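Listed next: structures, encoded as structure tokens.
In the two assemblies presented below, chain A is common to both, partnered first by chain B and then by chain C.
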Partner chain A sequence: MSESLPEDLKRQALARAGQAPAEDGALSTLRRDSLAALQSADFPGRKSERWKYTSLHPLSDGHLQHAAQGAAPARLPVLSDYRIVMVNGHLDESQTRLPEGVSLRREAERLDGLSNPFALLNGAALNDAISLEVAPNTEVAEPLHVLMFAASDTPAHCHTRLEVLVNRGSRLTLIEHYEGHGAALTNAVTAIETRDNAQLTHYRLQSEAADSLHIGTLLFQQTGVSRIDSYQLMAGNRLRRNEVIALLDKSGAELAMNGIFVARGRTHVDNQLCVEHRVPDCTSNQIYRGLAGEKGKATLNGRIHIHRGASGTLAELSNKNLLLNPGAEINTKPELEIYNDDVKCAHGATVGQLDAAQQFYLRSRGIPAADAKRMLGLGFINELVMALPDENVAEWVRPWLAAELGQRPEAGEEAA
Partner chain B sequence: MLEIRDLHAAVGGKAILKGLNLTVKPGEVHAIMGPNGSGKSTLANVLAGRDNYEITGGEALFEGKSLADLEPEERAQLGLFLAFQYPVEIPGVSNMEFLKAALEATRKAQGKEEWDSVTLLRKAREACKQVNLDAQFLKRGVNEGFSGGEKKRNEIMQMLLMEPKLALLDETDSGLDIDALQTVARGVNSLRGPERGIVLVTHYQRLLDYIVPDHVHVLSNGRIIKSGGKELALELEDKGYGWLTGEEGESA
Partner chain C sequence: MSSQAELDKVIRSEYEAGFTTLVESDTLPPGLNEDIIRVISAKKEEPEWMLEWRLEAYRHWQEMPEPGWAHLNYPPVDYNSISYYSAPKSMEDRPQSLDEVDPELLETYKKLGIPLHEQEMLAGVAVDMVFDSVSVATTFKAKLAEAGVIFCSISEAIREHPELVRKYLGTVVPKGDNFFAGLNSAVFTDGSFVYIPKGVRCPMELSTYFRINEANTGQFERTLIIADEGSYVSYLEGCTAPQRDENQLHAAVVELVALPGAEIKYSTVQNWYPGDENGKGGIFNFVTKRGVAHDNAKISWTQVETGSAITWKYPSVVLRGDNSVGEFYSVALTRHAQQADTGTKMIHLGKNTKSTIVSKGISAGRSNNSYRGLVRMGPRAENARNFTQCDSLLLGDTCGAHTFPYIESKHPSATIEHEATTSKVSDDQLFLCRQRGIDPEKAISMIVNGFCKEVFKELPMEFAVEAGKLLEVSLEGAVG
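Then we have the complex of A and B:
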């Protein structure tokens, strides 16, 4: 046991990658290159600035050593007629229903921009992948619901891989949705590229049960003058870490990211956002709202990097947070790196508590204290929920978030 | 229905009520008047159960139960209603959603029939109309961006829907123009009935032109120093509070 946890995890990761089948035309190149990069990468310890608020200790139970094999329930949420289902990282072909103009290949190739060790492990150990392409000048009217399910009774993991290309002149609504329970770690990588005149509405719903784990890397690359509206909604769980990287690579590209994160009980959420303005005249607008209750812990680090040549950049980041009680914790930090004078960049981050006068007002009308808290919590994020453009999604989201906000601490937690 | 005996109360540790006695029977309308700082609003807030308003002596019984033992929501569920002097704004929680939660909780506790959403909406629209509040206000955040007068009318609208046994109105007349005052008064008068008690806390007599009380009490320095009929209010209007509080000042 002289090995440190980061070293131990790296050893497990390399061992896991070594078990991936050697011959698989569609994935072998990515596996080989990812493995090479993984070999020279380090898993983070507590001293790593980017992992200051997330301990990998929950992974010390051997999650990386075993593949998740839990069964998916007969009924999974359905948010659209068009869907793709992955169970423990494997495509369930029988459930695939693609809208016209969208093609699917079981391939993956993206390495550029995905440099964190978990993303590299995903690439190195992958044994299935989804690569979607929207044909040029195609307006996909109905949302495409990609559901990733993971479950395991004992510590285990799965890798999910979703690569999407929205071609020039096309429109897509993509619902990226994670469900699951038990001691399963989902190590997810999603990489999305948008070309000229493409429009993407993207949802990332992370509604796995509180006992599950998720480490996700989401990459947007706008190689064309395009618009992305991304809505990232997440409930805390045993370990939730989301790295979001946005590369604005074509002048005129617009990115809007909205997020809601809720950490109740003893759950954890860590968002690491990085928006890279690499060319002139792009716009990014980020609005995130976070809530933590009981002993929940949430983190948001919002980096905006405006490169030397990126004049005319408009970049905004707002993160408001609400602590439901004194034991909860929220860490928020905007991080601006600006190497250009000709930019407009605004940021704001706040952490507040439930307003006593508002609570009293609701209670004075007969509403029980716990319900009053739930209503005020929902009120706090309601502005973003009301902005969800697809009613099907909003209808699913409302009761989910209400339940997240209504939950009571499990027995024994109060005493702890 | 309300029985207050030798009530002492402190706000943030400071003694405000110092031995207050008041009995309200069903069907009665009481007005509690007094100069600023006499403890009128404290009384209303203590009865409703606001944090930091602490009963330090004596007792306040509502329907035979000691209010000190009840959470604010339990008081409301028993039929106590406070119309706030300064209703708080709650962005993100719609007025309708709020009314639904409030009425579900109180009607259930009172063994009244539950209203389905169609009934609730109809009743809420009627109540809005009664206080001259556009039904659009039901969709907005609770009191969010409402003018002072709209907030007060929103309070009365809620009161009409909740049909409390005892209504406490804390300076509901403050900040209202004469039209709004009459509207609010009509709303309150419509609730007058043999089963219901109403306590009006007010600084000025003018509200009492429209809601005629059965009893008028003058509160000063945490105690009721004079009680009488509706004519007492007129006397106060005429003479001010000085002739009463002056006595109090000398004896204290």
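Then we have the complex of A and C:
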């Protein structure tokens, strides 16, 4: 095979996009434009700076060649009375229940701000999409749970697309939830826009099984004076890559992002965060905690870009990481790019291990070593778990995290 | 084959290639090819192995792409329009007195309090200033020789101490390390060589300033410092006075080898011509500096960077041995259209290795100042420790300050801490100073000096005083 992996992936992606139905009113414009952009885009190779710590090698199994066909289990997690379920990139209408004030259309149109090849492939090869709109001045009391399920026994993929518009004066709690198992690649794009006086509480739960793959792009666009609180929880899997882009486009907008990522066994997590302060007087605050154990590999790249003229900006990023044992790996790069003097910016990053004295303290009180480690691991991220405002989500998160932090088979025994 | 015969052969081959008068002439025609490298090597009376080394570097360099990842914007450099060797200017070509020198430059010298005869030397005036320096240098040399320290130009070292040069040259920065190091390896013409024998504490601070045997600072400098077991040396590079240089491109390589238990302290003040307000005519400075610290050794880099239109420089330490220590203290000031992309790399390989990074960036005018650093904990770096602090100060809303810290850890017992802040001069501090009758310019300079204090205290004393003054002068007119 003379073709390099990026070239091979691009060929597969273009072939895939070519198979999408040509005539389909709601998605055809996006498909056409995305395909045009995809044709001049390059899939990243090993030397690509933004993919320095993530290899696309797992995709050489041919995930892009086949669509995922697996079946969803009869019982799916329920985090709210209102929900939308997508299985392998297709909306399951029988399970849809929308709260009052939220409308759903099966279309997608956003392209600007999305430039990575996977987001373009998503647009070009899309079969189905969800576009939600919260009517102006509507307070949606109950959370809306959007569950994306993907399953396949053989290497395959699906594209999911979620576009959300939170209108003027509205309030929404959105739980974006990814589940799945098997060798399925979820290529997800989520784009959320908030208008003046809108408030969004956003959860992104990614708990697919360790053998699945996920490449996701999340775009926030605050076109109004609005507030977004985003909580991102993710377990590592065979390949997990999350690109988060936040565009603060209106003075007074506030963004808070909190994240927990755990890479155990032989799993991989790569977060690429980019917050663009394009106008004066916006605030962003990011807190991320990462854990890696066994042969796990976790990466975070947190970029804060303050454009010329964006005076009065407050921007912070904190990333603390724990390495649980030799063989695991953490890479972090908090970046600042600042073109204005009237700003307050700070970032901090640490990488360390569980405190030996704390472990000794617990063990001296009869707590087994493994439990002590789990307790201290939980303590390390508890600050973020405690801050979860929605009780249903918190209840789901606690056992999930306890399992993620629990005892694992020794490095190397983890089955793929 | 004797070296004379070899030299003759090289000279003949030049003749065949058409460069009839090359050996006699003082300046080579612009361009770079293997013949040019042969001539440089011949001029320096180098042995065959050195020429081979240069040629290998050149062949490798030709295959390398110029790096584009730095946060810098500069027009492409035409490597074939540069002359890679020229002898020092003759007395007649130089300005005959200080009256012929750019008054702006003299003004700066005056502010920095530089003695008259040194001003003449710095401005390249054709005066016989050798008296002074020679006497200083002679006492220097005697003292060093007594201690067994070797301090000479790299060309001299290649001739006089080939066994040492051959053993260590390129071991820290291999000839194919990066584009600019590759170019340097092929064409370097100047630089220092230092060897400190076992257990010797170098009796004085070594400085390029006193190494008068090669008067003009080279465009492609190569410095090699070897501190043998248990020795200590402090080395100063550059000086605070602005230096004019007709060569726009500078690509230097500095290699430090700290053998077990040795300590090397390397301090730099870089104040090359930064160009005019639009950055026109400024120096492009692409430097590769790296040290290897063996067991229990320590390498400390301290730099004050205020000059050059483009600065691309990452003094690094490979902490190879157990218990080795690496330090990096930096102040980088940019103004007008200057661009700096500078920082460090701390590669922790051994157990119980420690590194400290303190970087202070100050940007003013329309300049861009980036910190780019890497802290890597290898899989064997048990109990390794790093602390990084990088702060940026912005003066005005047209400049830029950026931070790109890469942090990689592969050992659970390694601890890494990184923090960075960006702010402007606080209004409260400014108000306090002004209320006490201090004019704004002076106040800003005081505040900036305070901002940089952590780094200045690492500099040798005289250097620290000069650096403070230099900052003050550099900031003049930067405050609106």
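Here, the second predicted complex is superposed on the first by the 409 of 416 C-alpha atoms of A that agree within 3 Å, B and C clash if a C-alpha of one lies under 4 Å from a C-alpha of the other, contacts with A are read in each partner's own complex, and residues count from 1 in each chain.
Here, a residue touches a chain if its C-beta (ideal position, glycine included) is under 8 Å from a C-beta of that chain, and two chains touch if they have at least 3 such contacts.
All values reported here derive from a predicted model rather than from experimental measurement.
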| item | value |
| --- | --- |
| Side-by-side fit of chain B and chain C on chain A, or clash | fit |
| Which superposed partner A:Gly352 touches (first chain B, second chain C, both, neither) | second |
| Contacts of A:Leu324 with chain B and chain C, given as first, second, both or neither | second |
| Broader residue contact with chain A after superposition on the shared chain, chain B or chain C | C |
| Touching partner for A:Arg363 - first (chain B), second (chain C), both, neither | first |
| Which of chain B and chain C A:Asn392 touches, first, second, both or neither | neither |
| Arrangement angle, chain B at one end, chain C at the other, chain A at the vertex (C-alpha, nearest 10°) | 80 |
| Touching partner for A:Asp341 - first (chain B), second (chain C), both, neither | second |
| Closest Cα approach, chain C to chain B, once both complexes are overlaid on chain A (Å) | 15 |
| Parts of chain C lying in touch with chain A, wherever the complex brings them together | 69, 71, 377, 379, 392, 394-424 |
| Chain A residues within the chain B interface of the complex | 355-358, 360-369, 371-372, 375-376, 378-383 |
| Partner chain A, residues of chain B touching it in the complex | 48-51, 71-73, 75-77, 81-82, 84, 87-88, 90-93, 97-98, 101-102, 105-106, 109, 141-142, 158, 162 |
| Contact footprint of chain C on chain A as seen in their complex | 49, 308-309, 311, 321, 323-353 |
